[in-house]
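The block underneath contains the structure these notes are about, expressed in C-alpha cells.
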Amino acid sequence: MYTDKVMDHFMNPRNVGEIDDADGVGQVGNPVCGDVMAMYIKVKDDIITDAKFKTFGCGAAIATSSITTEMVVGKRVDEALKISNREVAEALDGLPSEKMHCSNLAADALKEAIDDYRSRDADEESE
Amino acid sequence: MYTDKVMDHFMNPRNVGEIDDADGVGQVGNPVCGDVMAMYIKVKDDIITDAKFKTFGCGAAIATSSITTEMVVGKRVDEALKISNREVAEALDGLPSEKMHCSNLAADALKEAIDDYRSRDADEESE
Amino acid sequence: MRRVYLDHSATTPVHPRVAAVINRYMLADFGNASSIHEFGKTAQQALRWSRERVAELVGASEADEIVFTSGGTESDNLAIKGAAAARKDRGRHIITSAVEHHAVLHTCEALEEDGFQVTKVGVDEYGRVDPEEVSEAIRDDTVLISIMLANNEVGTIQPVTEIAQAAREREILVHTDAVQAVPQMPVDVEDLGVDLLSLSGHKMYGPKGVGALYIRRGTRLLSQEHGGHHEKGRRAGTENIPGIAGLGEAAATTMEELPQREKHLERLQRRLIEGLLQVEGVHLNGHRRERLPNNVSISAAAIEGESILLGLNAEGIAASSGSACTSGALEPSHVLLAMGMSHEMAHGSLRMTLGRDNSQEDIDHVLEILPPIIDRLREMSPFEIQ
Amino acid sequence: MRRVYLDHSATTPVHPRVAAVINRYMLADFGNASSIHEFGKTAQQALRWSRERVAELVGASEADEIVFTSGGTESDNLAIKGAAAARKDRGRHIITSAVEHHAVLHTCEALEEDGFQVTKVGVDEYGRVDPEEVSEAIRDDTVLISIMLANNEVGTIQPVTEIAQAAREREILVHTDAVQAVPQMPVDVEDLGVDLLSLSGHKMYGPKGVGALYIRRGTRLLSQEHGGHHEKGRRAGTENIPGIAGLGEAAATTMEELPQREKHLERLQRRLIEGLLQVEGVHLNGHRRERLPNNVSISAAAIEGESILLGLNAEGIAASSGSACTSGALEPSHVLLAMGMSHEMAHGSLRMTLGRDNSQEDIDHVLEILPPIIDRLREMSPFEIQ
C-alpha cells in the first residue's frame, strides 16, 4: 500500500534523533491516537540548519517525519512554515488516503517547532 | 434421486395402456397438480387378472403406476385394496420424501378402479 | 455415452482460464486483502483488478460502483433490501414483475412483512413486461422498481431501458437482475439507465458462491451483512479473493468472447428450435426475437416435464424443467403461468440452455434422442394432443 | 529471501487436498445441486458428504443441523439476526462480550436499531469472560447469548460450557463464534452445550467465501437471505458446491490432523513465546494456558504495531497487528482495550499466528529478525520503556 519512497524513508529514515541544543522543539499527537511526533530544529540567520525527529507511529508517520526533516533543512523559517501536508505527501509519491493525516502531523510538528523557536527568539529579544 | 428400481419402472414401465373391456376403471389427480393416473382392471372370480395404466406425471408417478399394476395382478380384490402407499414405495426400494404423494396417487387410482368394479358388480346383481 | 450439457442457465462449468486464476489465489497468493503485508497487498491488487473488469463488463464508470457478494441471490437481496432500508422514510412502495426470479420475488415478499407494499406487473404471452404498465403503477411513495433484464426460464428480454426512463424522471431507483443476461448479451448500465444491477459468477463460466452488485455512484444502500469494514462498508466478510479474482477473469473472458459467443449460440439455438418445432404438439415458450441466444424453452402437450428430463438424463442429456415439481411444491413455473399458459402445458415444459462448449453435433444428437422420448411418454399419457 | 507466513488467523493457504476437491467440482462435476440430472445428483452428493463431514467435526448429531453460508461473517449474522427475529416476541435482550469479532458486535449493534437491547460483558486482563457475570446479566427478556469460543486477536479461550449451562436452564439460546477455534482445538457442540456455532472455511485451510452455521435441531431461525428453497429454507442462493465440498474436505483434514497439529503448534508456540519474552519491554497478551495453540500476541513498549509489521514484511515475514490503524479508524484494538491495556501498549501489539506449514526454523528466523527491528524502532521513538 506504500510507495517505494515511503518504504525507503521508513527503512532508512533520515535525521532520526534529538538535538540537545535545539532552537525549537515541537511535539504533536498522543499515544491514544497512535502517533506521537517530536521535531527538533536548529536555526541560524533565519535559515533552518538542522532538523531531527523522533516518532512513535505507523510507517507513514515515520516516513513523513523523515522526509519533512529533509525538506526543511536549508529553507528559511517562513518558507518552511509554508510546507503543506499535501507537499509532504507528494514528496513521498503519495500516501494511502487513510494515512493522509500522518502528513498533517509532520507539518504540524514542524510548525510547533518553528513556533517554539520564534517564541524563544521573542523572549531573547525582549530580555 | 431415484432408486434403480424406480428408474427401471420408469424406463420400462409394465402394463402401459388401456383395457377396452375393463371391469373397473379409476382416474385420479388433475393437470393442475401435474399428475393424472388412470388405472384399468380385469377381475375374474374376485381375482384381479389384468391391470393397465396411463399416467401423466413425473418419474415417480409413472414408476408407482407401473409397479402397482404388477403388484395387484393375481391378488384377490380385498387383498389388493389393502395395498398401502408405503408398500408401493417400498416395492420401489423407496421414494424421495417429496415424491411420496405419487405412491398415494397410485394406491388411490387402484382403489377407484376397485370401487368402480364393485359398483358395476352391484349394478349387475341388482339387475 | 455422449454427454450433452444443456443446462447452462442453471449453472456453467468454470472456464479453464478462470480455474487457473482461482488456483493461483488459493495456493500461492492466498493472503487476506485486509493484511498489510505482501500477501495482503497481492490480494488487494486482485480485488482491484477484478472490480475494474466487472465494472468494464457492465459499463460502470468507476470500479468502486461494484460490490462483490456471495452470488446472484445475495446481490438481489442487497439491492432490494438495502435500497428499501435506505429509502423507507421516502416511501414504502416497490414495483416488480410476476416473472422475476425467487431471489427478487421472495425478497419483496419479505419486505411486505416490514410494511412495504409491492405491485407485481404482469407479462404478455411471450413473457414481456409492458413499460406503460410499469409507469402506471408508479405512485408517490414508490421508491424502487426491480425488473429483470432477461428471464431465466424462457429467456425473454425485458424493455428495461424504457422502464428505467420513466422511473428516473421521478427519482425512483431502478434495479435489474442481469444474472442470466450478462453472459449472453452486451449489458451497459448507462444504456439501460439502471442504478443497481445484479450478476452471478456461476452463470458466466465463473465460480459459484460469488456475485456482484453494481451500485451507481451516489446511491445509498444499507449494508445487509454486518462486521468488518469490507467493500467500503457495503458488505462485511473477508473478501473471497479466489472467487472474486475468478469472477474478474470470467468478466474479462466474457468481454473477449461475447461477439463470437452470441453468434455461436444463435446458430445452435435456431437449429434446435427449428428441429423441435417439427415435433407434433411442441410449442416454443417465450419471445421469438427478444430472447437470450442460449435459451430454448418448449412445452410438449400431454406429457410432464420431469419425465422428459429423466428420459433425457438416461441418455446422457442434461436439461431442466420449468416445473418446480422436485421441490415438492407441485406448483408449475410461476413464469409460465404468468404468461397465461394452462397448468397442463406448464407442467410439460422443458428448458434447454446452450453454452459456449456446445456444438452442432450436440444439437443434432438431442434432436435424435428427444422425439422418441416424447412419443414414448405420450403413449403412456391419458391425454390427447389438442 | 525466506518467506515466513505467521498470519494464519487472518487467513490460511488452501490445503492441497482441498484444492484438488475444489478443482473437481469446478471443472468436471460442476452441476447445480437443484438439477435433477446426473450433474445435479453428483452435486447433491457432494453437498450431503460435506454436511456430514462438518457435522462430524463439531460433534453435531445430524448433518441437517449444518447450514452452509458465505463465511464466518454471514454465519454470525444469520445466527444472531435469525435467532433474534424468530424470538423477538419473547424478548429483545441479547448478551455478548466486549471482545467479540466485529461480525458479532456490529450485528448486535444493528439489532439495537431494531429495538433490541445489548449487554456487553467485560473481560479480565487475560481476555476471559466471567461466566458469573454473564449469569448475572441474564434478564427475563434475554433471548440470546453470543460468546466466542476463542478470540482472534489474543487467542484466549472462553468458558463457553459454563456460560451455556446457566443459559440453557433458562431457555436462552447460546451462540458461539468458533471461527478461530475450530482449526486448532477439538470442538464439540454437545460438550459446549451451544445451540448455534459459526465456523469459516478460510481459517481452516479451506476456501474463502464459505462457512457454516451449526443450528441445533429444533432451533427456529428466520432466514436472512431470500430466494430459492436452498438449505431447507434457511439460506437462499445456489449452493457453492466447489466451496462447500472444499469445506467438507477441510473438515475431514482437520479431524485427521488435529491431534498432530495441536502438538506441533504448541511446540512452536512455546518456542516463540519464550524467545520473545527475552526481549526487553515485551509483554504477552492473552491467557497463558487458556489459549489457542497457534496464537502469539505480544505488545512491545514504546513502539507502534504497524511499523513493526512493515519492518517484518521487508524481511519476508507476514504478521498482523491488533491495531486497526490501517482501516483509518486510528482506534487501537477493542479487544486489548477491553483487557485494560493502555492505548500506547495496545498500539504496540503484534500478532503472530502459526499454522500447520510453519517449522521450527521459521520461529528461529523470526527470533533473529524481530529483536533488531524492535530496537531500531525504539531508537526512533520519543518514549522510554517503562
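To keep things simple, chains are lettered A, B, C and D as they appear, and every chain counts its residues starting from 1.
In the analysis below, contacts are C-beta pairs under 8 Å (C-beta built on N, C-alpha and C of every residue); 3 or more make two chains touch, one makes a residue touch a chain.
All figures in this text were calculated on a predicted structure; none of them were measured in a lab.
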Farthest CA centroid from chain D: chain B
How many angstrom lie between the centres of chain B and chain C, each centre taken as the mean Cα position? 41
If you average the Cα atoms of chain B and of chain D to get two centres, how far apart are those centres in Å? 56
Suppose each chain is reduced to the average of its Cα coordinates; what separation in Å results between chain A and chain B? 92
Between chain C and chain D, what distance separates the C-alpha centroids? Give it in angstrom. 34
Which chain B residues sit where two or more other chains touch them? 1
Residues in chain C with touches to at least two other chains are numbered 36, 306, 310, 326-327
Chain pairs that touch, all of them, please. A-C, A-D, B-C, B-D, C-D
Inside the complex, what are the residues of chain B that reach chain D? 1
With touch defined as at the start, can you tell me which chain B residues reach chain C in the complex? 1-2, 7, 10-11, 13, 16, 27, 31-38, 53-59, 61-62, 97-99, 101
Chain C residues touching chain A - in the complex, by the definition given at the top: 36, 41, 44
Looking at the complex, which residues from chain D come into contact with chain A? 302-304, 306-307, 310-311, 314, 323, 325-328, 330, 332, 342-344, 347, 379-383
List of chain C residues in touch with chain D within their complex: 3, 5, 7, 10-14, 16, 19, 22-23, 26-27, 30-32, 34-40, 70-74, 76-77, 101-103, 106-107, 109-110, 200, 202, 207-210, 224-229, 236-243, 306, 309-310, 312-313, 316-321, 326-327
